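Structures follow.
In the two assemblies presented below, chain A is common to both, partnered first by chain B and then by chain C.
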Partner chain A sequence: MSTSLTLTGWRTRRPRRRPGIPVGVLIAAVLLLVPIVCVLFPSLGPGNATRIVASDALLTPSAEHWLGTDSLGRDVFARMVHGASSALLGPLLLASVTVAISTVLALIAGYYRGWADGVISRFVDVLYSVPPLVVAVVLVGVLGGGFWLGVAVLTVFNLPHNVRVLRAAVEEQAQLPYIEAAKTLGTKSIRILWRHLVPVISPLIVASFFLRFTYGIVDLSALSFLGLGVPPGSTDWGRMLAENRVTMLQNFWATAAPGLALIVMAVSANIVGDWLYNRYEAAGRAR
Partner chain B sequence: MTSLDTTESAVLDVAALSIRGRRAGAEVGIVDNVALRVASGEAIAVVGESGSGKSLTVRALLDLLPPGVTAAGSIRFDHRSLGKLTARERHRLRGCQLAFVMQDPFTMLNPLQRCGEQIMAALRARDRRLTRKLCRAQAVARLEEVGISDPAVADRYPFELSGGMRQRVAIAAAIAERPRVLVADEPTTALDVTTQREILSLLDRLRRDHGLSLVLITHDLDVAFSVCDRVYVMYAGTVVESGPTAAVADRPRHPYTFSLIQAKPPLDVRVDRLLNLPGGVPSPGNWPEGCRFAPRCRWATDECTHEHPALNDVAPAHQVRCVRAGEIEHELVPRAAPTVIGSDRLARADETEALVHVRAARKTFGTGRRAKVAVESADIDVFAGESVGLVGESGSGKTTLARMIVGLTRPTSGEVRVGGVDLGQGKLSRADWSMVRSTAQMAFQDPYSTLNLRLSVGDTLNEAIRLAPKDTVRRDPAELLDLVGLPTSYQQRRPTQLSGGERQRVAIARALARNPRLIVCDEIVSALDVSVQAHVLNLLADLRRDLGLSYLFITHDLAVVRQVTERVYVLMDGRIVEQGSTPAVLDDPRDSYTKQLIRSVPAHHRRDGLVDRSRRTP
Partner chain C sequence: MTTTTVVPRRHPKGAGLAPLAGYLARRLLSAAVVVAIVSMLVFAFVHAAPGGPERSIGGRFATAEQLVAIREQYRLNDPLWTQYGQFVSSALGLDFGTSYSMREPVTDSISRAASTTVPLVLFGWLAALLIGTALGVVSARHAGGAFDRGVLGFTVVGASAPIFATAILLSYVFGVALGWLPTLGEGDGGMDRIRHLVLPGVTLAIAAMAAITKVTKVRVGQVLEADHITFATARGLPPRGVLVSEVLRNSGVQLVTQAGAVLVAMLSAVILVEEVFDLDGLGSLLIQAITARDIPLIQAITLFTCIFIVAVNLVVDLVCMAIDPRLRIGRGGVTR
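Presenting the complex of A and B:
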């Protein structure tokens, strides 16, 4: 007999579902909880976030001021805790509303097709041709409406991408036999949408939510950084970045802390969302 | 051993091939100790149902195993051991000496490349520099070899060609470098029966003209028998029987081979009941101790469950993996006495009550000059208690017609009366729709998308039950599952936990929830393995007897039509070309298209020969 042969396929693919929650996801989830706790219990934070003590300006981190103070002598750590609310609530609202509206539009366009699809899809195409952040900068700048106007504008201009992704999924599913069987049995359209299509595209809805949330964090803090978000004087991570960057050499942490917090929150949201999507999606695979 | 399969003449010799993969974190065997031999110029078939390991076996030969799957054993190609070759040398061998054709003619070719380029890409300029012009001439010549005489095809994109044409182009690319062995994995499964016949004769001709050896992987015994010299039957990762085609077909010695032959609906006679092979192919990791077929085997004894039997010679070149092969030899006679049902025993239809009454129905898609006619003009009737076949190839309009009958699409013109309601007439009232839906329900082809994967079986059935009219019997999910022969506990299951056959049963149960009088079955068994197909066909016969159902059976498989219908319509290009009682149409077809369809069924080739040639018999 000849020598034996071993042929090996590449061992690249991870097993589909791993039992339990991976450590990385766990860490990300805990990191996401931190700003939530800060929002729910602002009193947990040390001291006053807005008290100006001119003599304490630009201190480096110490036992009294964990992250030092800014150029006006405000405690950076206290400002971080208070800033969590706008950093978290803005993106949360933005992602929720965007995903809710785009799911409804996608279901109508992808399931009913016809003129409704035409109207929605062309509307989406028009919106798609405009860069959201630039429009937000112009509108908020001109109208001077502040943070919530920024959230509203970004919500509208974040729709196109979501609608397109979800519409494609709805359209694909709507042609499958199980939907045809439901129609043949006489199921009402609204029930087909709610009972059949929404659960099937739910992994995508979850994924879209976390994606929008991540983009929301970055876009909204960019607006604040440009001075167009929250009103002057309020505590916000994006605004802290802008205000403290000129004194970065005196107190490095006054700039680094909000920047790092934004990055950590965005990355954590991404990791958790990705994990949820994979887990959820694997549960509904065909074979 | 006969001279047929001594090692000297073997161009491909596989011994002790084992394949292992991972499932749920544990290593499991997928293929176990398989030996195959292919002589120069010989055609062999590897036959088995899904899960038998046949595809992975040949993928191992080609170095095309999926990630995470490993193979060990000895593979010799032309006296050279593949184990001694480098990966690069094996790569070269694969393109030039060992060629591969896959099942799906729709995904096998690159959609963005013209057909000619794909053939030219297969021509490797190894020791000769080919000019572009010469290359193109070669591509056209290769196309001619596979029966495409129009050189313009070289400039077309795959999506411009039919499935059969694409399969030809793929074969042309595969044989471009004059390989010695061509491996074809289910090359005709996705094709219509007439196209299937053309591709099979093409493979047969190429083998003759070029001295090509052919390894054909298929689930269809008739396809294997019609083109191959020898057949290997695989079950649960092992070869259970191998031998010359005539011996295996006429005198199968393994109960599994016998069951496969018996479960296949015959084309020429109607049998009372197809062989019911209980259970399913055990998945890797769940192989039973002893003979792997024993749990499903009628002849199994204690002896069978103790140890895994060896592959023993029962006749020259005929090997069987069964300890009782000698004892049960005389019981394994295929279709010994077919219980033919005379026309008098066919169910009588009540011709006074037409459930479906279609006249001059026409359906076009699109408008103006680009309008595409799906159904030109169809007249069909289905009476209460009757089972009617609707036969045609893809593109004949049979599915569109079926969708019109259940109201999924409305006719452009003509009359489509279902339960007395004309679906061709404008807007229907709620009561009209309810009538249509209580009359006709549909079961679909693809078992993998017929159920919503997010709903449990119980939820799926409840969704259907709540739509049943208030004044009729309301069944509960347990009762529906019982009707289709599934345990009540299946209510909690998700579709992903069910096999293809079980999913089809649930789909039938769902259709029954509204107590319809007619079920439109659109190719419901064509995606199923032979033994599962027999289960479903038997189930349909039972349901008909118990519930007095009618069927409109849409299929391309004439043998299925023979088994389950009394009347048949033959559809071609949106027109009914022939109709009549099933035995009359199948035994004495009048229309040339019907004749061609019947001639193309592989079961016919074996008897008459695909092409004229002498066959070796043991």
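Presenting the complex of A and C:
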């Protein structure tokens, strides 16, 4: 029997906290900027995104076609650059609208409570466990509304998770002394919310923006992949993946490039969002 | 030295039973309401199709007389409520009519497709549960170490990468480049079928595993910091005993909730995986039905999906109450 009193069973080692921004998060942030560069300079590279040259079909990468060509002889690199705007725009809109609406709902529910909280929480509970993509597939499929209906449906079904996270944070903050102090001073509640409460939870709001952006990329490109998103012929990464994967053996990069781009975008946005979220959590525990 | 086993006192028997019955009744009622509302929306699909229901049945080239005949045959001239009543009463008898595109009863198409999808989802889910929980526990115990960082990297990529992109890359690497496994279709029964389902199953499992690992790690990490773990270790309980009776039991509610959420989330993942691996499952049946504007088939799949989600949530709540006695005495709300 050992005589020492150290407990070597199921104790956790506390992770060391490193100061500053981790390298991984920096890399992720830089990678997220790449599509923005593509949107700003749509004519990067030597190729043409839409010109069909049947004789140039399914070329492998070369100096003339950096990622080769697809089955219609269109330049894959140019299509990647061109498709960046479609990959960014939908998720950006989805994330902004989701975050804006859910912040307002969370403030009403978590700060004012009462019947409004009841209504909002019921709405959240009912829609919480519904997989957004399935609803989007069925509704877009039946109504035939295309890309923007997809964005709208996904926005509505992304709300519940976001409202739940933000509402919990608002409720937690609303009970702290600084809010009570502001109330005692007679500050109007609108002012308390925007000048005192929102700044405190703003890292969480930004984090949730990045997480919704991730889901936006994933789900919207999935819709396009299934042929329910952007119309046929558009330059869109999800669509390229669906069109080019049958010719994967001839030009691997025509499929791999949009696939890897989607993975890198989604993972990067998630890394940035997760990092912000964990920082907010850690700050809350330190207080 | 005498050892006495301390048996934790159980909650007095029966005390939680009356509220439990009430809670169960409320939950069943609200589940029924949700299914009823969804059934109305699903019924409305018939009339929401562009060009009206007779167009979607008759096709683009149907003549005016044919359209009138279709309205007659499918009772589209009846009042909406009569039509809805008709829809509900046949749906209760599992009769969703004849599929326009498959030319057979909708339930036949669905049960055939389910024989591919159900084993696939079950395999992916169980594999994800087992491996994900194990990874989560180990990385929580060695938080901050190299293993934990590796697992963290895997969960971030697995949880956020679009599943159809990982599916295509996996099928290229293991199916085409290495040539280990078939990548298309579901095989001809027996071993061949299993070989065909390995890659889709693994793809599904990876995404689900990431979500389970993440939650397990966070929750087990919290539990490990609790005083009762220190105490149990101090009493000299073997680590394995502590793991099962203290750590996992106290993390049970969160783990079961996440397991249910992952099962539901697999519904959208399976659509994409079946498309990539060209499997004739429920997911590709749904896409096929949408492409063909086959409303009865879409209605049936949507309704079954809804019932499945409601049932999973109900089971999750009941299992949580079985694990954690505190949930039985309160008003029954499971805090997540």
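The rule is simple: the second predicted complex is superposed on the first by the 247 of 287 C-alpha atoms of A that agree within 3 Å, B and C clash if a C-alpha of one lies under 4 Å from a C-alpha of the other, contacts with A are read in each partner's own complex, and residues count from 1 in each chain.
The rule is short, and it goes like this: contacts are C-beta pairs under 8 Å (C-beta built on N, C-alpha and C of every residue); 3 or more make two chains touch, one makes a residue touch a chain.
Remember, predicted model here, so these are calculated numbers, not experimental data.
Asks: For A:199, using the defined touch cut-off, is the partner it touches chain B, chain C, both, or neither? Pick first, second, both or neither.
Replies: Only chain B; A:199 stays clear of chain C.
Asks: Quick one: classify A:226 as touching chain B (first), chain C (second), both or neither.
Replies: A:226 contacts chain C only, not chain B.
Asks: A:245 in the overlay: touching chain B, chain C, both, or neither? Say first, second, both or neither.
Replies: Second partner only, chain C.
Asks: Determine, under the contact definition given at the top, whether A:183 touches first (chain B), second (chain C), both, or neither.
Replies: First partner only, chain B.
Asks: On chain A, which partner's contacts cover more residues, chain B's or chain C's?
Replies: The partner making contact with more of chain A's residues is C.
Asks: In the overlay, answer first, second, both or neither for which of chain B and chain C A:134 touches.
Replies: A:134 sits against chain C, while chain B stays out of touch.
Asks: Examine A:217 and indicate which partner it touches, taking first as chain B and second as chain C; both and neither are also allowed.
Replies: Once the two structures are laid over each other on A, A:217 reaches chain C alone.
Asks: Tell me the contact category for A:170 with respect to chain B and chain C: first, second, both or neither.
Replies: In the superposition, A:170 contacts neither chain B nor chain C.
Asks: Across the two complexes, what residues of chain A are contacted by chain B and by chain C?
Replies: Overlap of chain B and chain C footprints on chain A: residues 7-13, 15.
Asks: Spell out the part of chain C that touches chain A in their complex, as residue ranges.
Replies: Per the touch definition, chain C meets chain A at residues 34, 45, 48-50, 140-145, 148, 156-157, 159-166, 168-169, 172, 176, 221, 224-225, 229-230, 232-234, 237, 239, 242-243, 246-247, 260-261, 264-265, 267-268, 271-272, 275-276, 286-287, 290-291, 295, 298, 302, 305, 309, 312-313.
Asks: Could you pull out which chain B residues touch chain A in their complex?
Replies: 15-16, 22, 25, 60, 63, 65-76, 81-84, 403, 406-408, 433-434, 437, 441-442, 444-446, 448-455, 463-464, 467, 496, 507, 510-511, 513-514
Asks: Given the complex with chain C, which residues does chain A contribute to the contact?
Replies: Where chain A meets chain C, its residues are 7-16, 126, 129-134, 137-138, 141-144, 214, 217-219, 221-222, 225-228, 238, 241, 245, 248-249, 252, 255-256, 258-260, 262-263, 266-267, 269-271, 274.
Asks: What residues on chain A touch chain B, complex-wise?
Replies: 1-13, 15, 176-178, 180-187, 195-196, 199-200, 202, 284-287
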